[in-house]
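Input: structures, listed below.
One chain, chain A, links the two complexes that follow: it is found with chain B in the first and with chain C in the second.
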Partner chain A sequence: MAEAVARRLLKELKDYQKEPNPDLAKLSPISDDNILVWNAVLRGESDTPYEGGHWTLRIEIPKTYPIHPPKIKFLTRICHPNISFKTGEICLDILKTAWSPAWTLQSACMAIRLLLSNPEPTSPLNCDAANLLRCGDFMGYESLVKMYTQLYAMDQQENEANS
Partner chain B sequence: MSVERAESHKVKGNTYFSKKDYDSATREYSEAINLNPRNVVYYTNRALCYLRLKKYDNVISDCKTAISIDANSVKGHYMLGQALTEKAEFDLAISHLQTAYDLAIKDKVTFSGEIIQALLSAKKRKWELEEQRLRKNESEFLKYIKGLINTEREKQLQKVNQSKNSFGSTISKLVNLHSTEIQDKLDQINKSYDEKLSQIEQVFAQSEENRGPKEVPDYFLDKISFNIMYDPVITPSGITYERTHLKEHFKKIGHFDPLSRLECREADLYPNLALKEAIEDYLNKNGWAADY
Partner chain C sequence: MSSYRVNASSSRTICRFFANGHCRNGPNCHYLHTREGNSPRNRNSDGDEQNSYNTGGSSSSTLHKSNSNSNYRRSNNSNNRVPPESLLVCKYFLEDRCMFGDSCWYKHEKSNNTKGIDTVDSNENDLKSQKDKQKAKEVVVEDEYTCAICYDTPKTFGLLIHCDHIFCRDCIQVWRKTSNVSSPFQDVDTTKTCPVCRKNSPYVVPSSRFAKAGPQKEQIISTYKEKISQIPCKYFEGSGKCPFADECFYQHANPDGSRCKLGPPKKKKPRSFIRYFSADGDLDLSAISEIIDGFQFNIADWDDEDEGSWDDDDDDEEIYFQHHGSTDWASNSNGWSWGIETNNVIEHDEDCPPDWRNIY
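What follows is the complex of A and B.
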């Protein structure tokens, strides 16, 4: 069945290359000899504290994909209630219980991007960020996020991803 | 007694097989067959060894024996189809693989996906062979037409040259004046025939391009594997999937339609016959797409 995974992933790669997604600066396997590990680069949404940032994601695809979901985590540090600041782990239902084979790597990345502007402070992986939101300190939250975006996700990240 | 001894040879054969020692495994299975020639498994196991060793004639004979003992042997039909594909017996191969697939669905065999793959690859190789023949015919035809055009060009050129010679003999003084005019004429003839040649080459190139790989329309692709469908089934939500992959999703994840997320069970599925026909028709014209 390993061949079936490769087939589907090649098709996904072709689809992305044919119609590049402006919100996703990169989506491709990290090397030619292993199609089961990909990198993606998310662009932060404008008019959010993530604007201007570029985050690299590491995507590990199980041999049983797309029946089972890919494992996705942030390599670039990010400040978000549902993403671990230390490990980059993401808490998002579609990557776990709500996965369906109709999702693709691209749509999963877009769901993660959507999560950035729609945090769920009730199931936090980053309590500091979640607490600010829970006490309604939106100003404090935004400036915290902005600071980390500038600290970790500006300029040099894109160069790194392109090299 | 001999039945038990046969079983012990089979077990040894399986051990060799898992170590990829196919020659030794073959020997053990042969012993088992000698002791008990009525057990299908011994034949299909040995056939798998032969398949790995690329001894396709042996695969064919073992699978035929297996099928003669048990006409419903999925593995027998499956491997027979694979071996026949290698021997370029595509029509027969496709028919056995189809039988294997139908039996696999009935018996809930786990490798129905692999059978479809073998089936599609047999179809593609059949198409490639026909394509090769067609291409050869076409290139010969092109050569022939180009020959005709060049013969005609020579004729026209000769005519002009002849008139030049007759001029030359009678009014030799004016030859210099005429020679440029004649050269112009010759150039014109050459140019017009060169154009004809390039046009005809274009027509042939176009026809080749039309048959070559393009993009398969998304509506022929399974929403799970992104592969072209062989046995499309439609869910109560009206969405079509490849049966094997949808069943795997039911088994491993849950009984819902992957796209609409509405509850859906195997009993709710209907074959999408119209789409199956459309795909078969498409594959007949675009054989490259079978193993896309």
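What follows is the complex of A and C.
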């Protein structure tokens, strides 16, 4: 089983390296020794309050992958109704009940990126952000998100550029 | 090498180098230095070349050497100086690197035979080549079959009824079984569907060949059904009952051999939510607390097929957890929602503005 996971993950890695996704700045295992833990870097979608931000995701892959979904969480702090501000945990059905083995790590990351611009405030993990949306205060929501994007996600980009 | 030569000297064979006029051992040679007619090979090579030939130093000469040894004697005796191999074309000559030149045992001509046939039977050949290309394409296409789960080429395909996506039988079966096994979060509704297109598929047909929707696939499915209809149903054999009743593909045979009619299968309630109760009907808090960490979900619409002790009418004990992913919060609002969150981020209904439901 473990071999099957490694084979599939290597193929996914090759696919990504062959055609790098412009929206995913990075997608690779964190070390050569362990292929079951990956890092990904998301680029914020343009024309959204997340524009210009870079968020690092940590992907932990179970040995039963792809039958069971990978555990993905944000390492970079992000303000979003469905993402825990403190732990980075993501509430997304495709990472839980609606997972399908036809999904890949890349497509899962792209789904998360899509979640950023399509928040679901009715099942929040970040109540403050969700409440703004629920009240219809879109201006307030956008400025809050922009602030946190500049505070955390832009810094990281600069740090990466410096290092 | 030398010991071999000593042994060989006992057989009084003719020195083939002497026959060519270039034996470097001269009178000390272990082989007979007698001239019987002309050598078939008037080689114009110098002594150095002979030397390398003798010791087998040149790799390109080994073929000539090994093939010519036995035939040389034969041809000597029969005085037939053309060895049978001369019918073959020298493969070194074709590569323009035969060191024997004209004296090579093998044919030195680049045959135009195939070209000639080409011009004469060009039509036939075109057809043939087209067929070959088609075959090659088919082979390539077969190689392109990759299971959407393991990304390998399936040895046995698992065909789904309503779509043409490709899976290994084992992969798709493991996926379809996950809802029953360990993961409380895997929804039956998703595992019984195609992982790619989510089309519902009541069963999987194992097949050694892949077939898209069409007569071929229908035939595979019908032969599969025919085959398993010969196998006695394990549910029916044990108790005379089968949860699938008349929709079961396996054999439900009466003692006289006719198919036993059980009527339509009992309809199960949709098992979209998970039930965590012990056998005596009490809420199994330990089971819930395990999965509650970081999760909120809805338990409702119990499937009471498995546990007879659960009284379905006892609505008071039903507990609704609101699942994060569901969008019908408002429609479920009759039940009470139970916000549970680790890491001190707590969301409760009370935290929300009283009229937020009107917004969404």
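One rule holds in what follows: the second predicted complex is superposed on the first by the 155 of 163 C-alpha atoms of A that agree within 3 Å, B and C clash if a C-alpha of one lies under 4 Å from a C-alpha of the other, contacts with A are read in each partner's own complex, and residues count from 1 in each chain.
Rule of thumb we're sticking to: a contact is a pair of C-beta atoms (placed from the backbone, for glycine too) under 8 Å apart; a residue touches a chain by one contact, two chains touch by 3 or more.
Fair warning: this is a prediction, and the values are worked out from it, not measured in the lab.
Undergrad: Clash or fit: what happens to chain B and chain C when chain A is overlaid?
TA: Partners clash after overlay.
Undergrad: Applying the document's definition of touching, compare chain B and chain C: which contacts more of chain A?
TA: The partner with more contacted residues on chain A is C.
Undergrad: Between chain B (first) and chain C (second), which does A:K86 come into contact with in this model arrangement: first, second, both, or neither?
TA: A:K86 contacts chain C only, not chain B.
Undergrad: Applying the touch criterion given at the start, work out whether A:P101 contacts chain B, chain C, both or neither, answering first, second, both or neither.
TA: The answer is both, since A:P101 touches chain B and chain C.
Undergrad: Classify the contacts of A:K11 with the two partner chains as first (chain B alone), second (chain C alone), both, or neither.
TA: It touches chain B and chain C both.
Undergrad: So in the superposed three-chain picture, is A:C135 touching just chain B, just chain C, both, or none of them (first/second/both/neither)?
TA: A:C135 sits against chain C, while chain B stays out of touch.
Undergrad: Of the two partner chains, chain B (first) and chain C (second), which one does A:I67 touch, if any: first, second, both, or neither?
TA: Both chain B and chain C are touched by A:I67.
Undergrad: One more residue to check, A:S123. First (chain B), second (chain C), both or neither?
TA: second
Undergrad: Taking the options 153-161, 297-305, 315-323 or 351-359, which segment of chain C carries the C-alpha atoms that clash with chain B in the overlay?
TA: That would be 153-161, the only stretch with clashing C-alpha atoms.
Undergrad: Go through chain A and flag every residue that touches chain B in one model and chain C in the other.
TA: Touching chain B and chain C on chain A: residues 4, 7-8, 11-12, 66-68, 99-102.
Undergrad: Given the complex with chain A, which residues does chain C contribute to the contact?
TA: 148-152, 165, 171, 174-175, 178, 183, 185-187, 190, 195-196, 198, 294-296, 322-327, 329, 341-347, 351-353, 356, 359-360
Undergrad: For the complex, give me every residue of chain A touching chain B.
TA: That would be residues 1, 3-4, 7-8, 11-12, 64, 66-68, 99-102 of chain A.
Undergrad: Looking at the complex, which residues from chain A come into contact with chain C?
TA: Residues of chain A touching chain C: 4, 7-8, 11-12, 66-68, 82, 84-87, 89, 91-93, 96-102, 120-127, 130-131, 134-136.
Undergrad: In the complex, go through chain B and note every residue touching chain A.
TA: Contact set of chain B toward chain A: 113-114, 117, 221, 223-227, 245, 248-249, 252-253, 256, 258-259, 261.
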